Structure formats: C-alpha cells, structure tokens
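Some structures are shown below for you to check.
One chain, chain A, links the two complexes that follow: it is found with chain B in the first and with chain C in the second.
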Partner chain A sequence: MMKSLFSAELLKIVKQSKTYYALGAIILIELLILLIAYYQGSTVLDLLLESLKQSFYFEGSLLNGNLIMYIVLNSLWFNVPLILMIITSGFLTDEYKDGTLQSVMLQAVKKKQFILVKYAMAILFTILVITFMMLTTFAFAYAIFGKGDLIVYINTLNFFESGDAFRRICFSFISGAIAMIFYNVTSMTLAILIKDSSKTWLVSALFLVITNLLLKVDFGNASFNNLFFPKLIDTWQQLFVYELDWTRIIGNNFLLILYSLLMVLIGTYIFNKKDIG
Partner chain B sequence: MLIGKNLSKSYRSKIALDNVSIQVAPGEICGLLGRNGAGKTTLFKILTGLIRADSGEIILQSPRSKSIGAIIERPGLYNYLNAYDNLKIFAGIQGAKADPDSIRDYLLKVGLPTDRKDPVGNFSLGMKQRLGIAIALVNNPGCLILDEPFSGLDPFGVASLIDLILSLAQYEKIAILLSSHLMGELSRCCHSLYIMDNGKIVNSGTTKHLISKYIYSYSILANNIESSEVLKKYQTVFGVNEVKVVCNSGEITGLLNELLSEGVQVTACIPDLTLEQLIKGTL
Partner chain C sequence: MIRVIFVLFFLWLVKPIFGQEIDTDLLTIKKRMDAVQQFSATVIFDLDVPFIRMPTKSAKITYSKGEKMGFSSTDFVMLPKRGLDFSMSEIFKYPFITVDRGTEKRKGLLLKVVNVIPTDKRSDLAMATLYMDVQAKRIVESEINTRKDGSYILLMSYASNKDILPNYVETTFAIERLKIPFNFMGKDTKIDRKKMRAMETKTGKIKMQIKDYRIKQH
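So, the complex of A and B:
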C-alpha cells in the first residue's frame, strides 16, 4: 500500500506544473546572482579588500565560483525555504481544494499511511530541489567564474583555500537541506491544521520570518539558546568558521532532524484525528 | 447491502443528523431527497467513513473486496492529469489492477472515450461525473453512493447518467444510494425514496407508493385541450403549453380516458410531485 501511495505521489509531482515553477524560480535566483556578480562583483570586492590585497596573496580571483556558491547558499535564509514551503504545503492544500483528498479517502486508504507518504514526499522533494540547486550552481559558477580561494565574513574575515572551500560548501548544502526539511515538514503540518492554501502560505511565511527574527534573539539561557529550533537553522553557516566545531554542527543537525520528526508526529496525529470534509 | 442504523451527528451550532436509519439492498437504487442543508451529504460522509457519527451503526454486508465506492459533493479529480493517469492513481492506491487494459475497461464501463489524452480539467461536468463513477467502481464495490450526481448536467447528461446507474444496479447488482433536491430525476430511476428534512428522515417508501400517495396535480400537454368540457369539473391552471390539473393518482386514469373520448389529443401527462409535498405529507 505504501509503495502504491508513494508511486502515486511521485506521478503527481512529476506531472504538476508547480514543480517546474519551483525549479525555474531556483534557476532564476541563481542567474540573477550570477548576473549581478558578473557586472558588479569585482568592483565591490576590490573596494572591500583593497587594503588586504596589499598584505596577502590570494590564489586566483576572489570573485570566483566558490564565492558565488556561498552567495547562492545565502538564499537558504529566506527565498528558497519560502518557495519550498509554498510548493510542499500545496501537496496537501491542493488535495483539500480539489476534493481529491476526499476521493482518496473513499478508496479505503489508511489516513496515517497517506499522510506519512505526503511527509516522505515533502522530504524527498526538498532533497531533490537542494541537490538540483547545488549542481546547477556548481555548473554555472565554475563555468563562468572558475575556482579560487573563498573569503567569508562571519564575526571576522575567514579565508579558505579553493579545495577546502569546495568541501565546506558541499557540507553546507547538506546541512542547509536538513534546515529546509524542517521548514517543509512544518509547512505540511500547517497545511493539515489550516487546509486553505493561501492561509497556509501566509502562516508559513510568518513562521519563516519569526524563526529568522528569533535566531538573533538572546534568550538569556544557554541551554535554551542552544536547543530552541530557531537557533539551529543557521547551522550551515558554522561550516564557514575557520575552526570547525563538528560536535556542534552534527549535534545541531541531529536536533533539527528530531524537531522535524516531532512535526511529522504532531501532523500525523492531528490528520488521523480530524474528519475529512 | 448497506444499512445505517440510528445515526446521529451534532455540530456546535446545529444537529446535522438526528437518529437516521437507511437501508439499500443489492441491485436496488435508493434516492435520498431533501432541501440543501437537510443533512444528505453529512449522512453520506458518515456512511463512507469520512466523518464519524456521534452514535449509530453502519453495517456493510458485501462479499466483494471493496464494500463502498462513492462520489461526495463532486468528483474529486486531479485536473492536471488525464483520465488514464487519474484512474491509474486511484486504482493503484487501493491495490486494484492499473495496467492499460484494465484502465481501458474502467473507461468503457462508464462510456468514456479511451483515446482522450488531455487533462480532465478540459472535460465537461458530465464526463467528470462519469470518470468519478469509474473511480468509485474500481475494485468492484458492493455499494455505490452518489451525492447530487445530476447537479449541473444538461438533460442529455442526466438521461445518460440515469441509464448508466440503471445498468449498474440491474447487471452488476450494486446497491446504489443517490441524493438530489430535484424530485424529477430521482423518481425516474429510484426504486425507493427517503425524504430528509432538518437532519431527520421524514418520509420513506417505494417511489411508486410515494408518487401515488402524495400526488395532487398533473401537467397535461395536449392539442385542443382548451375546449375540453371534462376539465371544467377540475381545478385547472392554464399555462403556455400545458394545463395543470389538480387531481389525485386515483382520478388521473379516468380523466385521461374522458379527455381522449372528447377527442383531445394528449401528448404528455407529468405528475407534479414536489419535495415540499413529500415533506409536508408527514409533518
């Protein structure tokens, strides 16, 4: 049964135009970043790093593929999760709107299995989109700007050699994907609660904004500051601190996975309890 | 056999169903008549398990692998997919055959073309209803529930859907329960009727019995009827093409015979049975 439900969901995603709009939006964001970097990036970087260039030697141009990928990674703050939350919550809200959820439930399908497959698809879709984003960024950025050392400002200026930068970017995409999965399972749970698509989008966007705001807040309690979910969503940024704290990075990602599982459990429980229609 | 016993459902603001009992036998077509908001859809949702009743019991006696197939409110279809993919999805998720030949059979059963590859969003409402029925019939259910199946259909669509419903009951021995707020359609195809009002069953019986018991007027279409002397004995209202005659079912045969002997050429005689008459009949 689960396999058939999974195949059905896969067919829906492949045939839905929304899927391609999402991928198109990701490509558009990447292209815009590339265009701006191509025409204005060198000037801005030269101004910022003029004094440093007199004291240090940088391998290749600082406006390189690695920097572009880092800039694209920054769209994980807001643009990409917003697009993903709209699409994945639509996996369920569209079924409510079109009456197909009712049709599915009339076919002796178990509610729990159905919603768990929806969550699984939301996770798979997120992984696929982030992989797509990573691969296309690599292709565009390296083809146009080539390789080179990466300079990133997090508390202080951090310099990474080209190979090290590439490795850190790859891990960042993985960590970022875990944060995106958290956002997406949350949007699916919101869709279960709200049912209506536009209201779900609004609440999802609000959740995203509030999470980003809370990220900067000091709650005055070390444990709370370390464990509360808004404090974990920027873990991918920790990979651009020179001295890597792997315990913190792995711990934070593990916690985010636990939060995501909690969201799935809450959503499944509510969906199972609620009447359809 | 589908049996609903003493079903009740309340919401914060109103009682949606109040001790409703209903029964449909294999091969029987049963109609549920009621105004909008009478509780028909709530009853169907309870019978199909979409919502839980506060009290009561549902008994589904069927040796078939799927006990019930249904369309509630409207056929819920994936409008961006074609008919083939819709059937493939709905057949697949319930473990029914979803190979091309089986899907072709499902389509042919409800009289849908097998060569249309465009999304069902382009289909007419009648075709969507048929596809909805095809989906409901996947896995050969013992009972079929159709909520307002004639709503929005043109007369050709209604006639064609009635033929399909009749053949499913007659040849496949499916117990069929359908609802409408329109008396005409249900009286044409239902063996028995339940009348609902304010969440209660207020009247029930065989369609023939209800028509003969509660009919108070007929619309007669005929040439030269204006000159009839017989009609003067009855209360009449002359319309553009018809005459509404107030008489009961016991009088109509005699009236028609008298009209014919007067030389009036009767072309149609339609009973004017309304939902209000059936509801008022027992209130």
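So, the complex of A and C:
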C-alpha cells in the first residue's frame, strides 16, 4: 500500500506545473545571486586584502568559482526555503482545497500511512531540489569563474585550497539540505494544522523570518544557544572554520534531524486525530 | 712632538666618523653575493600570522641581478614584499657606509655585527643591521629598517658550509590588523572589540624552505 501511495504522490509532483515553476524560480534566483556575487566578490576581496597589500604580493586570483559559491551559499538559505515551503505545504493544502483528500480516504488508505508518505515526499522533493541547485550552481560558478583558492572570514581570515574548498562546499550543501528538510517538514505540519494554503504560506514565511531573527539572538545560556533549533540552521557555516569541529557539525545536524522527526510525529498525531474535511 | 702625537691620536679617534670605510668582511660577503647573476628555486611557505590561516604553499622564484624577484605559482600565494631578497641586492643597491657594532653569539656561532647605512637618498633602506658569519663568509641574520615598508628581521640557515644562498629563511614583520567588511563575516562571527583593538598591530612570520636552487654565477 505504502509503495502505491508513494508512486501516486511522485506522479503528482512530476505532473504538477508548480514543481517546474519552483525549479525555474530557483535557477532565476541562482543566476541573480551569481551576478550579485560577482560584483560583491571583487569588492569583498578589495576590502579583505587592503590591509595585507602593504606587506604581501598576491599571485593568483581569489575571485573564482569557490568564492562565488560561498557568497551564493550565504544568500540561498533564506530564499530557497521560502519557495520550498510553499510547494511542499501545497502537497497537502491542495488536497484539502480540491477535496481529493476525502476521495483518497474513502479508499482503503490508512491516515497515518497517507500523511507519512506526504512527509516522505516533502523530504524527497527537498533533497532533489537541493541536489539540482548544487549541481547547477557548481556548473555555473565553475564554468564562468573557474576554480581556485577560497578566502573566508570566520573569526580569522581562512584560506582553503581549491580541492578542500570544493569538499567543504559539498558538505555545506548537505548540512543546508538538512536545514531545508526541517523547514519543509515544519511547513507540512503547519499545513495539517491550518489546512488553508495561503494561510499556511503566510505562517510558514513567518516561521522562516522568526527563525532567522532568532538565529542572531544571544540567549545568554550556552546550552540553550547550542540546542535551540534556530541556532542550528546555519551549521553549514561551521564548515568554513579552519579547523573543522566535526563533533559540533554532526551533533547539530543530528539535532536538526531529531527536530524534524519531532515535527513529523506531531503532524502525524494531529492528522490521525483530526477529522477530514 | 707632543702636538704631532695629539693630532695623530685625534685623527685615530675621529677615523670611524669621517673615514666611512666599508667593513672588509662585509665587502668579502658582498663580492661572493655579487657573483650570483641569476638563480631560480622552489620556495615552500608557511605563514604564521595570528589572524590568517593558510595551508602550506609553494612557488617558483626567479632572480636576475638588477631586477626584482619574480615568482609564479599554480595556486594563490601571498609572498612577503620584503624578505625574499636573499641576495641582499636591495641593501647593496646604492652607496653605503658601515658602522662596526662588535660581535654577538647566536646558536654557538660568533657573529660580527655591522650597521649598513645608505648614503644615497634614492635608497628605501633606512638602516640594516647585519650579523655575519665571517668564517663561512655569509649573512646569518639581518634587521632591515625601510623608509616605506616598515621593519623586518630575516633569519637564514644554510644547507652546507660553502653555500651563499640559504635553504631556510624566517622573516618576521609587523602587520596591521584586518579591516573586515561586516557583510562578509559569517553569521557565527563574534566581534570582540577589546581583542580587535589589542590586535591593531601584530607580528607576523613567514617561514620559507628553499630548494632546487639553480644558480648562475660568474
């Protein structure tokens, strides 16, 4: 039963035009960010290296695909979840709106199984979109700007060799994908609670904004600062600290996965208890 | 007779001031270095600056007498503006005088210390203190004070007793703190103003291993 539900949901995603609008929007955002990153990149480099110019000669270019990728990474994690949350919450709100949910429930489909498949689709869709995004941004950035050393300022001015930079960027996409999964699973839970699509979008956007605002707040308590979910969202930045703290990186991502599972559990419980309609 | 002795004694006293003789040991070293017409080598750099983290880098350097040091690398490298002048050509570029500063012991070696002061205004060098290994006829340490690029210290080690060019150089220099644009800082970056102020000027070091020398001498 789960398998056929899964295939049906997958078919819906492939068939619906919204999926392609989302992918188109992501490519458009990527191109715009690449363009901005190019101009921002040269200014950033001038400012970063200004004080070092007195003591050093520089050989080789730092305005390359890796720097562009890093600037892109900084800009992606607000715009992309917004689009993804709208699409994934739509997986359920559209069913409420079109009344198809009642028809599905008239079949021999368990509510729990149905909603778990919806969550699985939200996760799969997120992974597919992030993979697509990663491949296209790498292709654009490397084709236009080439490879080279990456310069990043996180407490110290860190230089990474091209191969190392590539690995760190790949890992940060994985970490970013986990954060995206958390957002999308949350938007699905919100869809279960709210049912109405536009209201769900609004609350999801609000959730995204509040999480981003809380990310910058220092709560004074070290353990709260380390465990509260908004603080885990930008774990990908930790991958650009010179000496990698894998315990913190893996720990943070594991916590985010736990938060996502908690959202799934809450959503499944509510959906199971609620009447359809 | 007493008058003659007095005049001779006075002349002996003021000789270091007006004589402006160049230290003969330095001249011997200079002659050895002048013989180096060209050289190329591979340099492996390790940057040791408190606020910069960089992996070990390597570059090819090329030197031709009378020209600036050239360098090339397949990836990004930061090379110190001063400190690559192993041949000391910048110091000896314009006429100079020397002042004997006696001797000092470093790592079991008795070194002769001289101050080199250029007499030509075109020179960017304000003063250099050179520590010479007279027996091996080479410079082991130098403290360079420039008019434009600040001061720096060079420590040099050599592979064998007969080498004139070093196989290891450590350059110590003063470096201003970084002025970082805030929009480029990672979100997790905490700004410690006290720490930043304390870091206004720091000492940086660059350690260089030089290998695969190809020297052309005349």
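Definition applied: the second predicted complex is superposed on the first by the 252 of 277 C-alpha atoms of A that agree within 3 Å, B and C clash if a C-alpha of one lies under 4 Å from a C-alpha of the other, contacts with A are read in each partner's own complex, and residues count from 1 in each chain.
Following the convention adopted for this analysis, contacts are C-beta pairs under 8 Å (C-beta built on N, C-alpha and C of every residue); 3 or more make two chains touch, one makes a residue touch a chain.
Just so we're clear, the structure is a prediction, and the values are computed from it rather than from any experiment.
*Asks:* Quick one: classify A:S61 as touching chain B (first), chain C (second), both or neither.
*Replies:* second
*Asks:* State whether A:Q237 touches chain B only (first), chain C only (second), both chains, or neither.
*Replies:* Once the two structures are laid over each other on A, A:Q237 reaches chain C alone.
*Asks:* Is A:L101 in contact with chain B, with chain C, with both, or with neither (first, second, both, neither)?
*Replies:* Touch partner of A:L101: chain B, not chain C.
*Asks:* Examine A:N158 and indicate which partner it touches, taking first as chain B and second as chain C; both and neither are also allowed.
*Replies:* second
*Asks:* Have a look and say if chain B or chain C is in touch with more residues of chain A.
*Replies:* Touching more residues of chain A than the other partner does is C.
*Asks:* Just to be sure I follow: which residues of chain A are touched by chain B in one complex and then by chain C in the other one?
*Replies:* None.
*Asks:* Going by the contact rule at the top, pick out the chain A residues touching chain C in the complex.
*Replies:* Per the touch definition, chain A meets chain C at residues 40, 43-44, 47-48, 50-52, 54-62, 148-149, 152-162, 164, 215-216, 234, 237-238, 240, 242.
*Asks:* Could you pull out which chain A residues touch chain B in their complex?
*Replies:* Interface residues on chain A, with respect to chain B: 1, 4-5, 7-8, 11-12, 15-17, 98-109, 275-277.
*Asks:* Please name which positions on chain C make contact with chain A in the complex.
*Replies:* Of all residues in chain C, those touching chain A are 50-55, 59, 71-82, 149-150, 173, 175-181, 183-190, 204.
*Asks:* Please name which positions on chain B make contact with chain A in the complex.
*Replies:* Going through chain B, the ones touching chain A are 45, 48-52, 66, 68-81, 85, 88-90, 92-95, 132, 135-136, 138-139.
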